[in-house]
Structure formats: C-alpha cells, structure tokens
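Here's a structure for you.
Going in written order, the chains are labelled A, B and C, and every chain counts its residues from 1.
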Amino acid sequence: MPSLENIANFIHNWLYTTFNATVALLLEFTIVAILVIGLFSVLGLVLIFMERKVSAYMQVRLGPNRVGPKGIFQTVADTLKLMVKEGMTPNNADKFLFNLAPFIVMTAAMLILAPLAFAKNFQIWDINIGVLFVTAISSVSVIGILMAGWASNNKYSLLGAMRSGAQIVSYELSAGLSIITIVVLSESLKISTIIESQANGWWIFKGHIPAIIAFVIFIIAVTAETNRAPFDLAEAESELTAGFHTEYSGMKFALFFLAEYVNIFIVCVIGATLFLGGWMPLHFGTNTTFNEMMDYIPSSLWLFGKTFFLIFVIMWFRWTFPRLRIDQLLNLEWKYLLPISMINLLLATAMAILGWHF
Amino acid sequence: MYKETDILKESSVEGNLIINIGPQHPSTHGVLHLVVTLNGETIKKVEPHLGYIHRSIEKMCESLSYRQFIYVTSKMDYLSSHINNHGCAMCVEKGLQIEVPPRAQVIRVLMDELTRLSSHQLWWGAMAMDIGALTPFFHAFREREMITSIFEETCGTRLTMNYMVPGGVMADVNTNFQKSVKDFIIHFKNKINEYDELLTGNIIFQNRTKGVGFISKENAISFGCSGPTARGSGVSCDIRKLYPYEVYNQLDFDEILEPGGDCFARYLVRMKEMKQSISIIEQLIDNIPDGDFQAKTKAVLKLPKGEFYSSVESARGEFGVYIVSEGGTTPYRIKFRSPGFSNLSALDFMSREGKIGDLIAIMGSLDLVIPDIDR
Amino acid sequence: MFLKEYIQDIYGAVKSLLIGMRRTGYYFTNHKEIITQQYPDNKATLNLSERFRGEVVMIHDENNEHACTGCTACELACPNATIKIITQFDISPDGKKKKALNKFVYHLDLCTMCNLCIVACPTDAIKMANTFEHSVFDRSKLTKILNNPDSKIRAGIE
C-alpha cells in the first residue's frame, strides 16, 4: 500500500544509492524546502477559502462564488492580486526592519514545521526535544510582529505590536503548561513517542479531567497566541485599523496574512498531536472490527482531519465572539488560565505518578 | 477651539501620545475625526473634530420652499429619515395650523416606529462590529432588509424617503403594507431572541460594556444628552411621552429607563425599545382608520411671521426643528437640534481614563451618525 | 466561598459563550436563511416594488402623445433644479397662440428621487420608473430629454 512513509523511504534510498552522501543530503534538503513552501502556499489558499466560507455561512451569506466552481479559486485570484500589487514602504519607516519583519514571522512559522509528524513515520526531523523546540520557536514570531510595529513608524502599528507582545508572552505560559501536562502523562518530549503513547487511546480520553482541562486551555491559549479573534487585539480592526500590519501592502502583507493561517495550522497540528493522538486512528477498546476499519483510513488523513476540526473550532470562535479588551485579556490569562493550568498540572502529575490513567 | 499649539502642549507631557482616529477609520461610522491623547493605552483626552461632511443643510433650507426642504432632512440622520421628515412636516403644520387626518397620523407613527426598529437593528450590528463580533452585523441586516422592503413598497425609496409632507403623507400605504408589516413582526419576534443569545448574554460583551463609559444622571442632563443615551442614565426624556405628538398619547407603551449609565445600560435601552416599537406597531397595524391620507393644503405654503419649534423622538434622541419665518415662501432661518451632536459632546467625559477599546465601545453605544452631527 | 464564586463565574462565562456558538453553529449547518441576492444573475426574478423611484419618465401612449402642457409646475417643485422645461408657442388651427412643451430636460445626475415633481404635476404626465441601472461612461448622457421626438400633447389636456 503506498503510504507517505513508503514514498519517503523510496526517495531516500534512491537518492543515497544514486548520489554520494553529501549530494543526497543536499538534494533532500531541497526537496524538503520545496515541500514545505508548497505546503505553506496550499495551506494559505485552503485555509483562507475555508475561513471565508465558514464566516459566510455563519453570517447567513454565500461567500465567494464567482471565481471557479463555488468560488474555490477566489483565494488564488486574491493571491495574484497581492503579488502584482506594489509593496509600499512608508517614507519615514525603518526600511531594513520593515522589510525584514514579514520574513521573520514567516520563517518562525516554517521552523515549527520541522518536528511535526504528518503521517506514520513521516516527519522532517524527529528531534528528541520536539515539544520544547515547538514552544521555543513559537515565541520567535513575536519579534517579527514587534519589529513590524516599530519599523512602520505608525502609532497604530506600534500600539498593535505592543499589545501583541504582551499577549503572546502571557499566553505562552498557559499554552506551555498545558503542553507539559501531556509531556508528564506521556513521559517524553519526543513527538513520535508522544504519538505512540496514544496507540491505545488518545490522551483526551485517557487523561481524564486534567487532559480535558489542559485541552481547553491549550485551545484558548493558542487562539490568543496566533492573534485570532476574540484575542485579535494586535490587529483589532475596529480599534487600530489593522494593527501591526497597517502599513504593509502587496506581498509583504500577504506574508503576514499567510503566516497567520500557517500558525493556526501548526498550533492545531500540535493540539491534534498532543491531545487527539496525531496520526493515530480512533480505536475503541477491544472492538477489533471497528478498529481495523479505522486502520484502513490513511494516517495522514487522520491527522489532517483532526487538525481541520480544530481549525474549524478556532474559526467558529472568531465568527461568534466579540473582542476582549487588553486588560481583560491579561486578566483572563493571569487570573484564570494560569492558576487553573497550574493546579491542573499538579493533578496530572499526581495522576501520572499514581498511574491512574489508562 | 483647537489650535496647533495645543497639540504641541499635550504631546510635550511625558509619555503622552496623540493619535488621530479618523476621519478614515473603520469604527468612526463615517468621517468623524477624534484627536485622542493617550498615555499607553489609557485615554487622557478625546477631542472630536467635525466638518468633514458638513453640507450646510440649514443654509440650504433657507432657499427651499416649505415643501422642498423636507427631503433634505432625510439626508441628515439617514438612518431615521422618516422621523426627521416627520419633525419638519410637524413644524410646518404647526405654523400653518393644519389638522392632520387621523389616517395620516397613524401611518406616520407606524413609519416612525419601523424606522426606529431599522435604525436600532443597524446600531445593534454596528455596535457588535465595533466590539469585534462581525457576525451580528449580517444578522441585523437580514431583518433590516425586510423593513427597507416595506419602505420601498410604500414610499418608493429605501433610505431617504421624503414620504411625510406638510398635511399628511405623500401617498396612501401600499395595499399589502399591513400584511408585510405583520409578517415582519412575526419574523422579528423570533429573531430578537437570537440577538440576545448572540450578544446580550455573551460574557465578553458584558465585560466590554458593563461599567464602561459611565455618565451620571446629572451629567447626562448637563451635556444635553437625549434619547437612549440619556435614558441609559435614568433621565426621562422620551418626547413621545413628555410632549406626545400624533397618536402617541393613545398608545400603550413604556418609556425605557435604565439606571446603569454605562454602555450596557444604553445597549439594554435600545434592545428594550425595539420590543416597545414592536408593541406599538402591533397596536396600530390593524387599526389604521379610514379617511384621507393628506389634509387639503394650498399649492404654495406660506408660514406666518414668527418662530416655530417642534420636536420628535428620533432613534437617537430629541430631534428638534426650529423655523423662523418672515412670512415668505421660504424660511428665514432654520435650525435643527440634532440628537447626535449633544450626545457626542459627552464622549470626552465618558471615555477619559478608559482604554482605546472602551472608546470604540462608547462610540458604538452612542449610536453616532456623522451626517446628523455635521449637517 | 471564594472558590465557589470563582467556579460559578467560569461556568456562567463558558455557558454564555456556548449559547452564542450554538447560534452560529446552527446557521453554519442550516443554509435556509441565506439572504444573499446574486444581483446580476437574478435580474430576471428581481422584484422591485411598483412605487420604486428610479428615474423620472414621461408617459407616452401608443400614438406618441403625452400629457405635458409645459406648465412648469414640476420645475418649480424641484428642489435642485433637476428639471428644465423649454416651451414653444404652437399655433392652433383657429389661429391662436398656445404655449406647449418643446423639450422636457431632465438631469438625472442632479435628481434625488424626492417625488415632488410627480406630486406637483397637474396632468400626471410624468411618473417614476423602476429602472435603477443608471451608470454611464459620460456624465452628459445623464441629461435626458423626456418627451419623445415628434410627440404631441394629447388632445383635451389643458
């Protein structure tokens, strides 16, 4: 059966038998880079289209329906438009930082992709501190946002960037703590080990209440970390026009836009990996026929299914809730999410030590 | 008066940041320009600047006859154009001492209340959008569309009606006016509960509005606030109750008063007013008396020498028309008392020491329509 | 006690959020109430009300006759000088001079659809039409002459 694992192995073996080791490694780098960039552009198109359709149906509209059947090429058309648009740089902006910022945001998003497992044994780099790597790199994107806000020489951008800085730094705490809950339960930082520990059941089922609480907190925290409504204070359309990317246009704006959606995808993959079993199919107890049927579905589909479900939930938040105010946002983190996740971590640790989970 | 030196003085204060919100900004609902002095995120001072959509409507009216000037007023507060037209027509009638036929009175009240509903629906969506929820806007427009269709059927236009004329209304109601209004009422009674589900009960919305933009009863009076803005502070100021016009004194409805004085109180006033408007429409829709829809008037209207004032309760507050006549066919001077202008004057007071997000929420709760303020 | 309030707060908050999500979730799955009008596609079924004020037109009957006497009542009623009536003197068969309409000039670009001219017209010669697609490439095309060429006033209209 052709799976992503087999294809990857085949290419790997072919490269190493045909070329010498250095050339083969370089070629693998190139292939991976092309695949990542390809994944990003496809994801951007798909997710933006998905967001438009989700918002449209929630708002009793039809959404895009002119370009292509049911409007599926709308985002392609928009991308083309953004590409041919002039990328303006404001006169008094810090030109170097202004032009650098979108790339930093984008690169940070790309780096997180490295340890993620997209299918069974299909992973760029199975580093043994995978989860730590993800949490560490995800805080880099705030530098790009601050840089954009500062370099634009615009007061709206500056306010947006400052808000975003306060927000991302705060919410990283509870996101980290809820990730640690799973690390405690699965006793590993390595992504592949965490996924294999869920072979007999996903953590959200096995981990009882602490895992569910950690999951909810994780979803809230990553929504805030990716600057999505109801936590989109960095952009806050009605307050700061467009926040940190007010002054950006053309492809530089598109990079910010793309990075936002790629970040959502990545945090949802992480959420699916940690709590919903990654590429592990859904298994119920010892019901073998059901389990076998589930095994027939390719592992990559499982991961993407779970990820898109989480993305849908985050979009659902966005199109339902009003925006929080900056002080309320920090209150929510420091007065509610952080204490709860600390107590939750304690509970999970006790549970892991006593072996109460399945 | 604002001078350039002021801005230098303010910005020289340590840590202060001057930011121009508007005239092109997503949440100023048009071309309002606010010069906001910030300290971090905290608002120290808000200075509204007007004049970006000043069309000198009052001056224009001086060269238009008493029939003609009414249509211009629909373009002031374009969300309650029927009510504006109504106020002007009433003032002319007062001067000419025209008795409006009962049928016309009932049609006018029905149109006023439908306008109030449509205006409040748009406000509901716009306020939600200011606070960051984008979905309610479309839900509100879904219902508003039904009202504009009713207007289109009877008045021929959807926004700037010019349907009220001195002496009555321009044309009789359409034959299926009653049916479409009843359909709308049935539909809207269900939907207003959805509004509550979507926004009123929402914890984020409540946190954003409760205790924000507080203005006391005394201050609301001294700023000259009217309409839902004042009633949200517990000031009884409903013209329909205090100085009843047309058939309002025969109707059974409540003046909504909320003691809170914050954005949420103003929000609740408008939500409850929508229910009152539904009740008024329900009382009248089956009881439109027969008869003329317009009193007999002369071809050329000439107001006697003197001064005339009449006011109506628009969706935003007291809308007053003051006409000075020299006895000719055109007014010597016209002054409109627009509710938005006085309500806007309280914005600085309400939003001081708040956050930028609060300022936007307060602007939403004031329900500003800039052409109404600027005229 | 503090803990109880804390937990109640959280419970109430989450409940209110879920109620809102149920509402949007309902609309996501139920597409019955979609209000979008796909405008250029639905031209055939587009239902404009009879009274819709699109533009002023002059009513002509099958003999190319209109009812306008050229009395300029509409011109006087118009608040923004949208209408300009150009009159001429017709010689009636019995040798009398009679004022009649030469050109009914209508500036659509100035018109605000206030309907005052229609109300003012004593002979119901003009009416509001339902058309609304008025965009043109040249502003001069918005100045229209409403009476058809060679049209005459209907007999008996004074």
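The rule is short, and it goes like this: a contact is a pair of C-beta atoms (placed from the backbone, for glycine too) under 8 Å apart; a residue touches a chain by one contact, two chains touch by 3 or more.
Since this is a predicted model, take the numbers as computed values, not measurements.
Undergrad: Going by average Cα coordinates, which chain is farthest removed from subunit B?
TA: Between subunit B and every other chain, the largest centroid distance is to A.
Undergrad: Pick out whichever of the two, B-C or A-C, is joined by more C-beta pairs in contact.
TA: B-C
Undergrad: Roughly how far is subunit A from subunit B, going centre to centre by Cα mean, in whole Å?
TA: Chain centres of subunit A and subunit B, defined by C-alpha means, are spaced 45 Å apart.
Undergrad: Would you mind pulling out the distance in Å between where the CA atoms of subunit A average out and where those of subunit C do?
TA: Computed from C-alpha means, the inter-chain centre distance equals 51 Å.
Undergrad: Can you give the whole-Å distance between the Cα centres of subunit B and subunit C?
TA: Those two chain centres are 25 Å apart.
Undergrad: Going by the touch rule set out above, which residues of subunit A reach two or more other chains?
TA: 58-61, 319-321
Undergrad: In subunit B, what residues contact two or more other chains?
TA: As it turns out, subunit B has residues touching two or more other chains at 135, 138, 142, 198-199, 202, 204.
Undergrad: Taking each residue of subunit C in turn, which ones touch at least two of the other chains?
TA: 17, 20, 23-24, 33, 35
Undergrad: Can you list the residues on subunit B that touch subunit C in the complex?
TA: Touching subunit C from subunit B are residues 64, 67-69, 71-72, 135, 138, 141-142, 145, 149, 152-157, 160, 162, 165, 170-171, 174, 194, 197-199, 201-204, 206.
Undergrad: Going by the contact rule set out above, which residues of subunit C touch subunit B in the complex?
TA: Interface residues on the subunit C side: 12-13, 16-17, 19-20, 22-24, 33, 35, 48-53, 77-79, 112-116, 119, 128.
Undergrad: Which positions of subunit A touch subunit C when the two form their complex?
TA: Residues of subunit A touching subunit C: 54, 57-62, 65, 316-317, 319-321, 336.
Undergrad: What part of subunit C is in contact with subunit A in the complex they form?
TA: 10, 17, 20-21, 23-25, 27-28, 31, 33-36, 38
Undergrad: Please output the residues of subunit A touching subunit B within their complex, sorted ascending.
TA: Residues of subunit A touching subunit B: 55, 58-61, 155-156, 159, 163, 229-230, 232-233, 236-241, 319-328.
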